[in-house]
Amino acid sequence: MKFDEAYSGNVFILSNPSFEDSNVVIYGMPMDWTVSFRPGSRFGPGRIREASLGLEEYSPYADRHLEEIRYFDAGDIPLPFGNPKRSIDMIEEYIDSLLEADKFPLGMGGEHLVTWPILKAFHKKYDDLAVIHIDAHADLREEYEGEPLSHSTPVRKICGLIGAENVYSFGIRSGMREEFQFAKESGMHMHKFEVAEPLKKVLPSLEGRNVYVTIDIDVLDPAHAPGTGTAEAGGITSKELLEAISAISNSGLNVVGADLVEVAPAYDPSEQTPIAASKFIREMLLGWTHKK
Amino acid sequence: MKFDEAYSGNVFILSNPSFEDSNVVIYGMPMDWTVSFRPGSRFGPGRIREASLGLEEYSPYADRHLEEIRYFDAGDIPLPFGNPKRSIDMIEEYIDSLLEADKFPLGMGGEHLVTWPILKAFHKKYDDLAVIHIDAHADLREEYEGEPLSHSTPVRKICGLIGAENVYSFGIRSGMREEFQFAKESGMHMHKFEVAEPLKKVLPSLEGRNVYVTIDIDVLDPAHAPGTGTAEAGGITSKELLEAISAISNSGLNVVGADLVEVAPAYDPSEQTPIAASKFIREMLLGWTHKK
Amino acid sequence: MKFDEAYSGNVFILSNPSFEDSNVVIYGMPMDWTVSFRPGSRFGPGRIREASLGLEEYSPYADRHLEEIRYFDAGDIPLPFGNPKRSIDMIEEYIDSLLEADKFPLGMGGEHLVTWPILKAFHKKYDDLAVIHIDAHADLREEYEGEPLSHSTPVRKICGLIGAENVYSFGIRSGMREEFQFAKESGMHMHKFEVAEPLKKVLPSLEGRNVYVTIDIDVLDPAHAPGTGTAEAGGITSKELLEAISAISNSGLNVVGADLVEVAPAYDPSEQTPIAASKFIREMLLGWTHKK
Amino acid sequence: MKFDEAYSGNVFILSNPSFEDSNVVIYGMPMDWTVSFRPGSRFGPGRIREASLGLEEYSPYADRHLEEIRYFDAGDIPLPFGNPKRSIDMIEEYIDSLLEADKFPLGMGGEHLVTWPILKAFHKKYDDLAVIHIDAHADLREEYEGEPLSHSTPVRKICGLIGAENVYSFGIRSGMREEFQFAKESGMHMHKFEVAEPLKKVLPSLEGRNVYVTIDIDVLDPAHAPGTGTAEAGGITSKELLEAISAISNSGLNVVGADLVEVAPAYDPSEQTPIAASKFIREMLLGWTHKK
Amino acid sequence: MKFDEAYSGNVFILSNPSFEDSNVVIYGMPMDWTVSFRPGSRFGPGRIREASLGLEEYSPYADRHLEEIRYFDAGDIPLPFGNPKRSIDMIEEYIDSLLEADKFPLGMGGEHLVTWPILKAFHKKYDDLAVIHIDAHADLREEYEGEPLSHSTPVRKICGLIGAENVYSFGIRSGMREEFQFAKESGMHMHKFEVAEPLKKVLPSLEGRNVYVTIDIDVLDPAHAPGTGTAEAGGITSKELLEAISAISNSGLNVVGADLVEVAPAYDPSEQTPIAASKFIREMLLGWTHKK
Amino acid sequence: MKFDEAYSGNVFILSNPSFEDSNVVIYGMPMDWTVSFRPGSRFGPGRIREASLGLEEYSPYADRHLEEIRYFDAGDIPLPFGNPKRSIDMIEEYIDSLLEADKFPLGMGGEHLVTWPILKAFHKKYDDLAVIHIDAHADLREEYEGEPLSHSTPVRKICGLIGAENVYSFGIRSGMREEFQFAKESGMHMHKFEVAEPLKKVLPSLEGRNVYVTIDIDVLDPAHAPGTGTAEAGGITSKELLEAISAISNSGLNVVGADLVEVAPAYDPSEQTPIAASKFIREMLLGWTHKK
């Protein structure tokens, strides 16, 4: 028996044992140092992996089987507790390595600030990048209580990096007045409250571009995702999020990377949030990465 | 440092420190003495305040900020445990004082029986009062197990007080046969199962009148509000309730008082019920009281 | 005082004390021996009974009262722990007795494998049987990990027994590729993702036939039924399931037996799952059995 | 198959099917109408029965097997919701019947007020009765908020009925000053904080008398019994309570009836409270009733 | 009705309405910004107040009644989220004001770092201060991940401020090797694992001095206090902590201030941790502050 | 960046990255197929690893630091769901490999049946093996419901394998009469109820022998370990178990392998059980394996 083969239960289901042979790399970012209300998303990646054991490996949505995709679950990036600055440097460097090795990075948060260093790495590689951002919160603050490195700021930073006109937000139902004003004035594309319908309308305009997709699990109503730090009533259903993921799959969009963030299992004794998240990861794997 | 200013964390977010300078008074009624199935709503007001700390102060639904409203969180009325009779007397007297001081009373339950003494006070001031009642339960019983003071009876009592034809119920999906018969025969307006659509149709007919709105959190499906005593499957979503609140805001209706009742936090370890309730209170503040 | 009359709290609300005088028999099957992911449905029947105490006895959906139906809650079949083979023999024999006594069997699971022996008994009595199957999972496996007696196989077995063309599945959103292929090739009728709409279209074609209905609670989204073993995001609402139950009631279909399975209370501290299940049982009693 | 035999899962494990052939009757009192802080003990008896399924039928403490005892689980007395007065009348009448039939009554609460009508019935039959009371709370109030029928008053009432000098309380760590003064002045025997040691010293003095034992589960520390309404830190361990039960068993005391009250399962998602309670009931059955 | 009197439910039970007339001030510090493992203690003070509603006002431990003490619950200090530096400045300034007004400060955390600014304020007033520190963790780190303001460092800082020989730690069962070495070499007094026995031995040596007492709730075993961030198995019972509090009360020690920290309610659905904490606060009020 | 180094969060804290360089191998056995009452221990190993992140790396009990031990966390053995026979074959083969490679096997369950194949492997290597068994349950059944492969039988099987006189059980408080009789008649050494005291007396007699130690977490009282399938009131404290582990460490006993089983996280929303288990694993690592 090879002891490397013994690993099971702590990686995403059907993970390919070899990094080299894989086109996709799943990785975790167990960080919640800047969370204001209810922290705990540092435990998200581990619980999504655990929940993946209950998944069917075939999807009737995508009519595809996980065995058709070669992905490697690389575990969690060992982020230093309480140090947002060094954490985001490590994430950027990590994504640099993945992109250099020509892998599709599929990240699991952790708090939403992690998307900022990921995009910094992508921006170095792709100069025509567009970002699809699915979330309850605008995340467009310039700073939070004087701190620019906050889980309320990543989308604002991304607008500065790649141009606000290349950022498409969906499902937004919470933020400061200034954030909504910025959305209006900056040229970014913000779609409030709804996700699937406006997304379908936007997708044709993104044809031919390299697109990164970031999903904050709190775009779901707390009924569908109680296990998150800043639950916000009035969200969409799991069904609508699955529909949105399928719409992207079916659009022929060139997705080059993606993440799913803010799963905080402590607030969800029923475990329905990591269970749903593992299904979304499966659909993202099957629909977005198969061309790799 | 003034010690009165030290208060934080136990009042609704951004509460104005002065009663006199405020147009609106938020108050709690920690009472669940007559609850038949699963008590616990006496802890509702405190948990709604706690959850309000996680709220954004701006609403993209109303495009208004809490700083535009001057409201004072007056804490809980000190109701005597286990004594429904004296409790409702105290509530009536309390509302009398608020109305005399020309404040908009925004109440948090507690069980639904509290709306009965509130309406007795309002009826003394307004002779053209209409009531909008949003709830899973008809609350039209004459008595419950021989007891007329029960959380199953307030709407029946209100019909007797202001005339059944002035009562508009929405979302009703549970009750005795006799209650549905009464609804039909008495001239009151009962809309079963749905809320937002029938409400929008009714609103124009209420123009120009003084209207009190009472919302029982269990109108929501238990998926959206598990933390309530008599959860009833088949309810509406948080989204629909937000839509209903907005519809009232946008109708120009003259709302003169309102309450939100039956949040029972013990049945909801995810805390999504008080989190949602605090958002509904914010929308009610922003949309219904700003003319004060 | 007669001690037999003392029984209360542990039978479904308003259960008739006499087996002989009843047309319907409610019974539990506390079995979860073959469950792969999260067991616990053996505690389902007891908790559904407990939750039934909070039900109104009148239904505004059916406009009928439980007193119009004569049903006897016969308790749980004493199934031998860990022995699927003997358990299913006992269930078959039990249903044989009920059918011989001309009762309408209304079963509560327990895992879904229980429906297999129930159908074996029904098949002996009715030669034109059709089955309506409402579920998140296809349950069409030939075996699970080499074991043909599994909660993933009952519908496949039923297809073999009564002919695949007599099986109508609704709401299916999870399964192996082979199961969906079997569904296509075998002539059975599988409707993916949705329940109420496709069901309404199918119902007229079943007129005049004897129909058995089996409902797996996990057809609901985990938001509406977190208390189940294999929660699967993207499901229907409680409202849609109530609509489906009503559609069957109103169709005049000749329902001859039914079950509701896979309630696993341990995963749902809010207890909304058994509370919803007890309401579905009420609607099934009122809508499907009243002709008995 | 006899349908009466089908009952399983909802009675205490190994319950004898026949009332007549049994020496002991287990019964539930699902009542919590007078509870001040956190209600819910009305669900206690059902959950203790459910948990009994996990019990070994043999006790290494008593070196006895449940098959050596003939007991009948008679279910719950159908107490009228919210009506303490009629409820206690029904309980008294119920115990009258049991005593007339020469059964050993073993009751499960429900709130502690139930012990008052039980003792009224016992007092009619036994004129030398002593009561052993094991509890965190003195329960010696004359009234609670003006109401003499309260779960804070039963022991005071019992003192009035059988003479304070015949009441022995153990483990008391909470009460009003007046209750502790009454304890001192009335001649009753109150042992604060500890149970097993003082009980062992008292037992010889009770030899030859007819003794009723009432145990409030909250005598345990909340660590050992979180599922109770008025949890009180600083209590005894489960081990000490088992030791106390054994001490009574081994003393040769003539126990004529007993109860275990205040299990409120909603506050204990781990279910350790009903699990422990079912074990205490087993030990009481094996140690106290076998002479019947 | 005076609206200031309406406050109830959100202050510690029986709180005196007047700051001026009170000798003791209870205050909350809702801060957990530096917590490494499981944050959430910012919600501690609010839940301790909520739980205090279930307390008896008389203590059989101290034989005293809360009415004998005049204390004012001043609410929470409005600490700025995520800003440890400004938070500790605000706490120090707050305590300065309380000491100037000659009040006994009784604080509720929040994380343990809050004790550092409290002690800075006390040190300015008292030059002979001794500190009794009851905790599972040594809290003697110089820094945590490079950060000197951490909930792992307060006791080290206090040693630097008032002299290690004036610090007495009890119950310590967790820390780095360096912390235990510092304890040995610095002259401070560390008692591992046990609390009540070593404390009783130490108390006589502190006679005549001004003493501050800080209790971290995690000194309790997680069985007795699951609701804390860094639960550490092998702790003491609630009973032993009550015994320790009583020992200090009975010693005649001149306690000049105290705090209880690290209650994090989210990890304790049974709520036994805030319930126990409110009892400890009661005993501290009754035993330590009555000479004020 | 090497991707193998990226692993973090899903292995036991400070795990050495190299199998070859390690003396100790930690491994998981995610199996609960034969559990009768409440399954779920298959999720134990993953949650113990997760909880280990909150551990201090130094132990004041052992005065040793985890860096002094070289251990490799090999992940979970990929046991086939629902197949006890093949699972135990795989475990035996796995342990064979570890022993051949001269590693100290430190296993995490899963259900207790896993200890049977482990001991079969050890028995092939050591002919003088003694077993220390710390548990609430005797586990001495010959079969359970006709099935010899059950979590109620492993100790009986081990008695047959290595001789009953070489088996030492501690803390036993539950079992069938036949099991206790077997314990008496077979020559094995069973110590009921207590652990630390009898163990200390037995240890000298085991000097010089090769000893395997198996700990079932349910030896703890449910207060200290609610997260287990067959919770049994009346157990020992975490403190006593730590004392027992230390006693073995200090005895100089030649421990050659060990396991900790039956952690079932679903029943413990406070997570205190995996938190405590990770501490026990730390103490076993530091005290029992350092001579490797």
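Each chain carries a letter (A, B, C, D, E and F) given by its place in the written order, and its residues are counted from 1.
Convention: a residue touches a chain if its C-beta (ideal position, glycine included) is under 8 Å from a C-beta of that chain, and two chains touch if they have at least 3 such contacts.
These figures come from a predicted structure and were not determined experimentally.
Each step here moves to a touching chain, and the least such steps from chain A to chain F number 1.
Among the remaining chains, those touching chain C and also chain F are A, D.
Of all chains, the one whose Cα centroid sits at the greatest distance from that of chain A is D.
Although chain B and chain D carry the same sequence, what matters here is overlap: shared residue numbers make up over half of all numbers found at their interface. Rotation angle relating chain A to chain B: 120°, from a CA superposition, given to the nearest 5. Chain geometry summary: the mean Cα position of chain B and that of chain E are 38 Å apart.
Centre-to-centre separation between chain B and chain F, using Cα means, comes to 55 Å. Taking each chain's centre as the average of its CA atoms, chain B and chain C sit 38 Å apart.
Within chain D, contacts with two or more other chains are made by residues 36, 38, 221, 223-224, 267, 269-270. Taken chain by chain, the contacts fit none of the simple shapes, being neither an open path, a ring, a star, nor a full set of pairwise contacts.
You'll find the chains touch as A-B, A-C, A-E, A-F, B-C, B-D, B-E, C-D, C-F, D-E, D-F, E-F.
Listed in rising order, the residues of chain A touching chain F in the complex are 1, 3, 5-11, 19, 25, 27-28, 30, 43, 45-46, 49-50, 72, 74-78, 93-94, 97, 269. Residues of chain D that touch chain F in their complex: 53-54, 56-58, 60-61, 63, 65, 221, 223-224, 237-239, 242, 269-272, 275-276, 279-280.
Residues 36-38, 172-177, 180, 192-193, 221-224, 226-227, 230-235, 267-270 of chain D touch chain E in their complex. On chain F, the positions that touch chain C within their shared complex are 34, 36, 38-40, 80-83, 144-147, 266-267, 269.
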